[in-house]
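Data first, discussion second: the structure below is written as structure tokens.
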Amino acid sequence: MIVREKPTVADLFTALRGSVLPQIWRALLALVLLTVLLVLLDHWLKVLPHLEGTAVTVFGIGLSLFLGFRNNAAYDRWWEARKLWGGLLADLRAFAREVEVFVPDVALRHAMLRQSLGFLHAHRMSLRKMTADPAAPAETQAVLHDPLPACAAMDRLNAMLAEAYRAGTVDGYGARSLTARLGQISLQQAGCERIANSPLPFVYSLLIYRTTYLYCLLLPLVLAGPAGWMTPLIVGIVAYVFLGLAEVTEELSHPFATTANGLPLSAICRAAEISLAPHLGEVPPAPLKPVDYYLS
Amino acid sequence: MIVREKPTVADLFTALRGSVLPQIWRALLALVLLTVLLVLLDHWLKVLPHLEGTAVTVFGIGLSLFLGFRNNAAYDRWWEARKLWGGLLADLRAFAREVEVFVPDVALRHAMLRQSLGFLHAHRMSLRKMTADPAAPAETQAVLHDPLPACAAMDRLNAMLAEAYRAGTVDGYGARSLTARLGQISLQQAGCERIANSPLPFVYSLLIYRTTYLYCLLLPLVLAGPAGWMTPLIVGIVAYVFLGLAEVTEELSHPFATTANGLPLSAICRAAEISLAPHLGEVPPAPLKPVDYYLS
Amino acid sequence: MIVREKPTVADLFTALRGSVLPQIWRALLALVLLTVLLVLLDHWLKVLPHLEGTAVTVFGIGLSLFLGFRNNAAYDRWWEARKLWGGLLADLRAFAREVEVFVPDVALRHAMLRQSLGFLHAHRMSLRKMTADPAAPAETQAVLHDPLPACAAMDRLNAMLAEAYRAGTVDGYGARSLTARLGQISLQQAGCERIANSPLPFVYSLLIYRTTYLYCLLLPLVLAGPAGWMTPLIVGIVAYVFLGLAEVTEELSHPFATTANGLPLSAICRAAEISLAPHLGEVPPAPLKPVDYYLS
Amino acid sequence: MIVREKPTVADLFTALRGSVLPQIWRALLALVLLTVLLVLLDHWLKVLPHLEGTAVTVFGIGLSLFLGFRNNAAYDRWWEARKLWGGLLADLRAFAREVEVFVPDVALRHAMLRQSLGFLHAHRMSLRKMTADPAAPAETQAVLHDPLPACAAMDRLNAMLAEAYRAGTVDGYGARSLTARLGQISLQQAGCERIANSPLPFVYSLLIYRTTYLYCLLLPLVLAGPAGWMTPLIVGIVAYVFLGLAEVTEELSHPFATTANGLPLSAICRAAEISLAPHLGEVPPAPLKPVDYYLS
Amino acid sequence: MIVREKPTVADLFTALRGSVLPQIWRALLALVLLTVLLVLLDHWLKVLPHLEGTAVTVFGIGLSLFLGFRNNAAYDRWWEARKLWGGLLADLRAFAREVEVFVPDVALRHAMLRQSLGFLHAHRMSLRKMTADPAAPAETQAVLHDPLPACAAMDRLNAMLAEAYRAGTVDGYGARSLTARLGQISLQQAGCERIANSPLPFVYSLLIYRTTYLYCLLLPLVLAGPAGWMTPLIVGIVAYVFLGLAEVTEELSHPFATTANGLPLSAICRAAEISLAPHLGEVPPAPLKPVDYYLS
């Protein structure tokens, strides 16, 4: 995720890091050059049919609405994903406090907390489709070859609790509290998997990209008459807005990727480690810092 | 559900799988041919009344808004259905962990887990109005002749729990935890049934389809003058956007159907089987893969 | 509620059942005749002032937005009401399962389940302002003369539980579980009453109907010039869309009425009876079927 | 709150009760007179600059969107406030049932229920900034001089429970259930205080009122040419819609006031008294009725 | 947060406190002066290309939609932050009541309550990035040098509970209730941190500011012809609306800052102190009052 404050005036002209231009400049250039060609044809050969503005106004309004819908849907996915990871962090902290109340055995407590961190890293790796990560703890490495590593890590944590409850070292109140907490964590995990496995319906991508390009290709026919040589500039600006938004929504709708708008899962995992360190009697590690404005 | 990534430039021109074109090409063609006819009539006989653009601009804006509303409502249904199935998956996993904590008897535990999978398959078959499915487990086959198969499967699971609680093999904490979990599963089940049994109000379909066709029929009267021979092209594009969106919303609002945008219920059932396999001491089956981009 | 599938082409021309035309044809006809009169006056006497399109474009866009808001608000009320009844159904099923676990006495169990069905019917009758219904069970008839019949039925159910808990036939875990379930049912009940007792603010109805009529009356002044004899047709179509939507929102915002878009409360009560029949050891009744597409 | 059904045709012309006209007629009249003056100046002196429509179309669309946002935000506040009071009613009913299950001592039970009603009235008076109300029960009068009367009433109720739990007259299950219920009530109370203490950001009011007046002042410059003597009429209608909506949102965003769109808090308090009467062994009072369509 | 009522007519002309003008007047002035220059150039040299209105209408509509989206997203962040702090206040009150029920030891009870207030102040200081605040209580000062002060304060509170549960001075029901409450508080805390650490995606800021400036620079080319000398005025008004809204959304999306639209965290902390005073046997402090309409 790009972490920058409100852009300054200088940023407006120069910022590329965090901008969407690098992804769309090829398409933009192609559209502008095509428009230049059309205007030249119109100027020299007078063969271009002219369209009145109202012919495409409603088309443009419809396109705005559909892009607006897709933008909302993509942003909602991104923000829901962020909420789920914020909830995972809160649940891990709550879990650490509850084991302190309900699990009197310190060694078991530490093992359970380490296992919960192992779960979080395994969950992060699953979402990012990573098969190896030297930064992950031993508890994560132990489950990486399982079909569902995050579930396997959670199952191991649950097995510790089940054994302790049957052995009587955790009482009924504790078993109720801790299973409820693990159930809550499972729910957040499944929410993340839902977002990762259910992309926005493909038909929208097709409909919106096809419509955006058609609109940008029709625009010169409308503008060539009244706007003349400014047509390529205006087509360029309109295409920048519409293609830019389409690209942003593409990125936001995949919130777990490591793109400029992906969520900083590694930083959240680190925040969980910092939060649990006092419960493990350890010195907390340093928080992750953005590198070139990018927080991984 | 169609599982494809962001369309490439080539896809934009050629993709039919996952596109909405196959459903609407007949209506599109009819509208375009009708427009050609109108333009010819206008050209030869000068009998066509001409309309100024503003006459239909507001009409078009209104239509965009109503289509936008329907699109939001349909997408919300689809996404809520996906959330409910994600929640069912999470609850089944949490149930598996809770029985491990609270049900000491291994045979009973396995029976309960198998019954919960039987419930999930029965629920899937109810939503898809299937009366037989060889892939469903024995626990599902046993309830298929019940008026409400999914409820019957859940009732059997509950009966196991009730018996165990009265026999004392499950304690009070366990009974509380497990009934709460089953209640949560029931809530998600009823949510799915609500979506399946309450279509979007029929009056919207009527209002929107009638208005879309009226708009596409009025458009030639507006465009025939200024746009001339390009009129059929523009009518075709506008009709593609509006009819396409109407068709997409029709599919999304039935999220449990086996259409291109239906949810992959079979794949989620399989995911549940994979998740529960370790608790049953079994080798997990392989996850379902998309066939020709389609995941059932 | 009207239960029909996606309209066919034939339906688009002919469907009246489930359409909004029967409610608005008088107003539509009056507006169209008035427009014909205005156009005739304009043609014969040239006394009609002409307005340019932009004068009313913004007005029309504003009107679309306000109608869109009202539509969203009305649909949200309708869908929230449907969710609440879906939740009631789920809670009744969960209640049936929980009494099976926590209430060992079969006679008491059956009495509690019958009472819960009595509550549901009393709740339905309250929402529909019915004072008598032969189809309601004896438990409902017994409370019909109470100021709040649904609350009275629930109080009786609660009294059974209180007595059993004090007598020791239900243990503490059961009392906690069952009171929590009844509290959940109460919450859904109060949600329905909130929707029934708090209509959409009256000021919106006034503002929107006044504005819609003003808009339809101004439109001929804009169109009489450019559109000529097609003016009545266009005014008719625009009025159909705007008045139709206003009428739909009026119906949807009263989701418990027995109109074409009212919720099928009787069918949901029947579904609850079918779900509870196995717990009562009874043969489940048949589900309600739509009559002439209408499910009550 | 104004309680009226769908307006009839007669209402459309005459209804003032529940209309927003009484609040805005002065501003409307001033704008219309100013427009008349401008048109006269234009007619006599030809000094008025003329603007083309498109110059203000986008401005008007932007204004519609911002008014639409404010309308949504205000309505959401109003509906959330209504939900919170519906929730309070449900929670009080559930509390009454839970004390019946868990508090065997009838005198204590009645004292707790009376105290809960005292809380509700104190809460209503706080939200409406009332310092005295003869209709409030004795339990409310006893806490009115406290800095936070509603909290004080709730603290007293909680003290009864704490004492009973320590004395052993309420068991652990009851203490858990009842504290959870009181916590739920506190949450709804804090939600109401949040809405009452956090108005919509002032900057929106300023931005929207300033923009609306600027728009209505620019409109004559656009219309004076094409619309001529109808300009004051159109400006009047547009101003009616925009100022009317601004005024409605102002009222709806203060849902606890005693305006035409304020929530009927007194009627809900009475509904709670009716619901709790059977638990107190009392005859329920009559529900509050609207006076001149107004329910307080 | 600025606390002012509905603006009067005088406020509309003069209010700067709470207005967005102070932040944007420089940009506004620059745009207006540039427009004056362009109009002069057009008047003297006739070199300015003229654009027809429709060329930028769709662009303006798109811009309105994107600004509208950003406005919604920013307001949602602000309101969610307010909800979370309202929830924290409710949870602290509920916690105070639950310790009264479940913690018989008065000294421990007071220590826990003081610690909970220490947590709230530490949380406020973290969100506002304050490293020192003489107004914070001793419990907050004790954790300020911790990497995560709010978590450290909460951990200390939890340690008191854990010790008391093991010592038997708090029973199992109390441990369940109080850990659940602390878990709830943790969730709200993590929600606030999520909002503070996840700004709106930077790419939106870039896209919207770039588009807004481009639009305001294109506008003179459209208006110079038809609007003539009024062009600077209209550009000024449009820029006021669009830049003003962009600035408002910038402030609202950082709800914990001490800007004019930041949330009054200090006042909420004080409200918590007032609410808890009776439980601590102390005289409640006075609530914070706005200074020059500003509540910190």
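Letters A, B, C, D and E name the chains as they come in the text, with residue numbers starting at 1 for each one.
By definition in this document, a contact is a pair of C-beta atoms (placed from the backbone, for glycine too) under 8 Å apart; a residue touches a chain by one contact, two chains touch by 3 or more.
Nothing here was measured: the structure is a model prediction, and the numbers come from that model.
K.L.:
Touching both subunit C and subunit E: give me those chains, sorted by label.
P.N.:
A chain counts here if it touches both subunit C and subunit E, which gives D.
K.L.:
Over half shared or under half: which fits the residue numbers at the contact of copies subunit B and subunit C, same or different?
P.N.:
Looking at both copies, the contact residues mostly diverge.
K.L.:
With chain centres defined as C-alpha means, what is the inter-centre distance between subunit A and subunit D in Å?
P.N.:
Chain centres of subunit A and subunit D, defined by C-alpha means, are spaced 37 Å apart.
K.L.:
List the centre-to-centre spacing of subunit C and subunit D in whole Å, with centres computed as mean CA coordinates.
P.N.:
23
K.L.:
By the touch rule stated above, which residues of subunit B touch at least two different other chains?
P.N.:
53-54, 56-57, 61, 65, 68, 172-173, 176
K.L.:
Can you tell me which positions in subunit A touch subunit E when the two form their complex?
P.N.:
Within the complex, subunit A touches subunit E at residues 1-7, 11-12, 15, 18-20, 53-54, 56-57, 60-61, 64-65, 67-68, 71-72, 75, 78, 82-83, 86-87, 89-91, 93-94, 97-98, 100-102, 104, 171-173, 176-177, 181, 222-223, 226-230, 234, 237-238, 240-242, 244-245, 248, 251-252, 260-261, 263, 274-275, 278-279, 284, 287.
K.L.:
For the complex, give me every residue of subunit A touching subunit B.
P.N.:
Listed in rising order, the residues are 49-59, 61-63, 65-66, 68-69, 73, 147-148, 151-152, 154-155, 158-159, 161-162, 165-166, 172-173, 175-176, 179-180, 182-183, 186-187, 189-191, 193-194, 198-199, 201-207, 209-211, 213-214, 218, 221, 250.
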